[in-house]
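A, B, C and D are the chain letters, set down in written order, and residue numbers restart from 1 in every chain.
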């Protein structure tokens, strides 16, 4: 895959966390922590650990050789350890013996992935923070801006743009919390040696693990998790929830920006190579693309879970590029939605105009409910249903049809009908709902000022 | 899809939670709670609510008509409300007006799914409980039973069967906890009326919601969640983690039961139509099949998240059968693994015999580590590597080759070599790891007695 | 999964092909053909085959016992053979010995699935035929009906509804052809006995297979395919392509039916439980739901392909419900789209009105291209771009802005500008494209009459 | 995603086809062909086309700017056209006007992807050719090498390694043919201008398309396919079938290489960072990883199919990286399996030894079938079943148990029993099946010599 789309679909800082150099450095950080931990429990000389730490810098490593050698060895850690050993040897031949002491490739590879997740996911969360904040601002500003509610892509009863934006904020907050939980749960050291007993360290395995955990600020599990991938899968599915929710926001943004709808558009929309008039919903496209791609990638991580015995054949390898890809695409999506929401241009006039489009049909429920008090829900429903059909067929406003309707007249005056069909008067608890979200997510803003 | 495989792949009690009748009853429970809630806030007469509750019994409903009418209406709630209204009318014509008061189809359908999840997921958790308990018992019993560790399907250093079983218990416990969390997070009422403002109830929507939540023992959200599906997706991905972990246990069980391995087999294994000698790993097959099917189903739920505006076109409908299917297949898998672990026949002699298979090659690391103290890791590794190759080519035990090796003799006596190559002496922290899991998950058992 | 949604998401006839009874009958058809084939090559008495054929009727079988016993045996064929043997024995004890002669469960299960595919896929193809025919009729009728082209959900240059409909027909035809090819390629007998050598038949395996193939009208492969699932996966992915294309049609139908767009709606649209005015795009919802569900199911079939050795552990079992589900959901989608297209109500006036919506902006390219001949593409593009922005900001028609533009005047008269901005004059090859599709797919219609 | 795993999971030549430079060059090739085609029909000067062709070299383009600008424009074609126009202008200011004449971004992007598929898929096919050839050689060489057949990972009746290898060849050939068909079907020009009517070219669109098709050696469709993605999805699913079949071969290779099985191993297997004795099934791991990753990616392409109107919002963008990724991972898998099969070390002695492992139980069917002629299938089956159980429990060879069995003695002599339990005598049609595959796929080899 070429890198031509990296900036469109990804995020520069998160890309940095998963660059070849960052990946190598993360593995070296684990090797250095291992050396120090093994030295701490007295199995190797402290000087060896010092030397290993000193040379464990990605810039000293030849990535070309890593790429080539990993094909033969089947993973990156083996050639990395080889190069690290050579580098250490050139400084302190004695210390070279102590590189990678007691560890196996998977200890390095798994733990380095955890380090990369810990570096990158907070960036995703920052983008979500921006998205939530921007959505809350729209919610606050448009708490009383009526717009058509839409179900099945048809006008339903009116809502407010504030309610829609509060819904976005509420959901984004929820998946953000999930992501934090998953990251916390996955911030766990993997250290078990060749088959998970750390036998090469005698009975010192747990002590070495504890010291590594302290150095890397990672929790130490009750037993090594190399054969059980649920923690990494947990992060992956949490990102899947994030991407799905961002896709929902993108779906709404794209739909609102349609030429015929025009209720909101991305202030930084893209152009067209041929059509000068286009203002494309660029952020929506990025988020929707991610929401189409990430479910398949998440299914890969789940499908890879049943790994054989003490190390998977195929399943483990399937994770190596897939999990970083999920992080990166979610990062790109979260950034795109943050930017789109921040720069969103909202058009309350167009919303008001669209509310008129259906000639009152969208408020039919209001009349239906009012009549129900007199006629019962069913009779009211079928009466209004007939009036709607008549209005549609004759292309007359529903108000006019209802005012002419003999069965309605005893219960509703023309004034009643006009009042019932006014969108701003039929917003139910929209304001209360928005208030609750604002109160929870931005309690200190004086949002009613 | 015929129901011929229901018992093989599913669980009878969970099937019951998702039967046509149970589904209808769950929707009726929501309608009844709604009626009572609306009566409680004074919008409809209490007697109407009483009648609605009284007739809201699935056995009174004609499912054939439901199936047919739902094709026209596009969802099940519309014809359900129709039948409910008729039933109420036949008892109390006045009450019929108040059926489904202020609600929309999605309120009923979404909340009824939440009720079905709340009924069914504890059954999955019970199966997981059994699986964890059985795995812990194996862990306790086999805390000192050595067996080959296997990576890349090749013998690695030895582990114990107790460690493998403790790993299963540890992971199953983790995904069980996730599932509980997700169920808790999703046990939330959906109530928003036509487009999420509950406008048909004036400003009483929040009060009605609160009363419904109390009656249904569901949390009440800050705002209706109909357009945001993350809570249901959260449950789905949590089940995906469960199914993946069960698949991992199944993978191990199937691999251990291989004719050539024979270290454990399912006591209740299946037969063969032609081969009388077969004892098939039936539970493993069920769990592996589920672990192959569920990732795709989870990806569907994630892909369905970006739903349009206030109600999805396609995405919402895609959930209706998919989420129940995920629950059911996970339930079947959890039951199959619980039964397989409970009836598992473990063969420690075969484990011991298999440890000898590789002529000591699997313990090569032990010698490598011991020599490393004298020669450095790299030289030791390459020396032992050469000895291994010689042993393989000449088909001699590694011990013999090493004893003949001039470069080894100064550092290791023949006795040292034999000791190093004994699997039981090279188990590292296996016991400590198992102890920690036992302590956490079955603290009251006197497992060392 | 309850069957409440069977009629909404599936097709009655295809459901019939996959009912429990039909499934059992298909397995029995294979057993009967096997018995006759083995008799034909002289391995068992002809009378035994006659008896087996005579009792091999699904109505004689106890499905409850099948369901229960299959849990123990791990597949349906074992208890089926047991029941069949008993039935034969009760008629002709001698013949009972010859039931299932030389076959294995997988022979019966795989071949019966092939028979079910052969019965059901032509029904899907019939629905596609209807869909293609209806789309072609729209293409013919609306070959000159202009409507907005839309990219990024924004108005682009105009198209015709005929072009859109011809595109649907063209694509549906293509995936229909693919499906026929895949069905043909998968209409292959599986017969290999216990491990694929048909050893129980001595060297008569190929002859028995040939005779079975003749009886079942199935091709006979060079070697048994039990361990290689590509033929079934081929059918599954072909259905995936069908479902994706139907989803595309559904996406368009839903988008065209939006309240703000209103250019076409499904004549048989669904209602709403609360909003009497709704005419929901029901067929679109079914097709979109299927297009969201089927990709995950197809990924399951692909993920199940790497099956172990001579019979899979998990992979094979994962197919049993998944492949029928793919067929059924595609059938439901194809039926829904056929019906939606047949009953589609098209509103050319609304299309014309929508073309005016963007005040000529959608035709900007026409002016751009005309000016490019004088000013070059780039200068023309940026000049028109500026005019569009001015038109948008001032909310004036683009024509007026352009007529006021000094840089345009030397090259285009006001009349030129009006002509260039008329949608009907800027349809390029739309008619030619539609003609080619009509010529290929309905060559005998006198479509220009 | 870093490129550290490119060599492990991908193929150098195919990577080349999808590099940033190759991608840009493919787009430029389309622009050049467009210019020449438009010149050919007389819409722009021939000299302009000549200049455009001359400067349309990827090495002249600034990829950094492309990456940056594409973020704003939402696709790569817009900034590419910008740079191309500048380059042309610096040579021939007049020609600059004619760059990208009448085309839209999607024409360039879609057609360039087709060109990349046409360049890369033959490389996949070459790897498959090698894989088929290597498998056929094993089939020929081991046509009479018995080994255990295995179902449910349990020994079933014996097969030959030749039969297993012929099955691989047969299936690889089938998916190779599918891939060729799909590539052929997708080798189609996309050219439709802004919304698919090519209106900017007046009525010359079809002629321009024809000329472009000739220049690019691509078929010209009846109408532009920009809104219908089935051709690209067709290629993607065909690759899915290839990857699944390669995964099956990988699954078998990994299983055969297990320490306990040891019947075949990859001659170029990987090492271990800690365990000198390991010979890891590296090719199997690559193929299995691909077979776990590709189903999710294929599901993405299918899920992306329902694209909105004349250009998708999200769906189209989701394809850009996903389809190249599917090609690349399949290429890597096909190369890995080709190499693994070519270097496969087969161990017929181990196969023979493993056949003895089950003490004759795997041949139980032979006895069962022989007895069935005397006792009927059912009685024979249960008699042999009992003998198998006795053999297993007493750990005696089945032959001994059967010879002691009173009910057997009247029908089978000890010699009969020994003969029936000899694997080489119970291979059924294995040889005939292999011969048929050899005859079809390598008809000219004198394979029986």
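Keep in mind that, in the parts below, a residue touches a chain if its C-beta (ideal position, glycine included) is under 8 Å from a C-beta of that chain, and two chains touch if they have at least 3 such contacts.
These numbers come from a predicted model, not from an experiment.
Engineer: Would you mind telling me which chain pair, A-D or C-D, is linked by more contacting C-beta pairs?
Structural biologist: Counting C-beta pairs in contact for A-D and C-D gives the edge to C-D.
Engineer: Centroid from C-alpha atoms only, then distance chain A to chain D, rounded to Å. What do you get?
Structural biologist: Those two chain centres are 32 Å apart.
Engineer: In angstrom, rounded to a whole number, how far apart do the mean CA points of chain C and chain D lie?
Structural biologist: 23
Engineer: Two or more other chains touching the same residue: where does that happen in chain A?
Structural biologist: Each of 74, 100, 104, 150-153, 156-157, 193-194, 200, 247, 250, 254-255, 270, 272, 274-275, 280-281, 285, 288, 291-292, 295-296, 298-300, 303, 313, 365 in chain A touches at least two other chains.
Engineer: Looking at which chains touch which, would you call it a line, ring, star, complete or other?
Structural biologist: complete
Engineer: Inside the complex, what are the residues of chain C that reach chain B?
Structural biologist: 1-9, 18-20, 22-24, 63, 66-68, 70-78, 81, 100, 103-105, 193-194, 200, 247, 250, 254, 268, 270-275, 280-282, 284-289, 291-293, 295-300, 303-304, 313-315, 317-318, 320-322, 324-325, 328
Engineer: State the interface residues of chain C toward chain D in the complex, per the touch definition above.
Structural biologist: The touching residues are 74, 85, 89, 94, 96-102, 104, 106, 149-153, 156-160, 163-164, 166-167, 170-171, 174-175, 178, 193-203, 205-206, 221-225, 227-231, 233-234, 237-238, 240-241, 243-245, 247-248, 250-252, 255, 288, 291-292, 294-296, 298-300, 302-303, 305-311, 313, 365-366, 369, 372, 375-380, 426-430, 432-434, 436-437, 440.
Engineer: List the residues on chain A that touch chain C in their complex, please.
Structural biologist: It is residues 148, 150-157, 254-255, 257-261, 270, 272, 274-281, 285, 295-296, 299, 303, 354, 357-358, 361-362, 364-365, 368, 381-382, 384-385, 387-388, 392, 398 of chain A that touch chain C.
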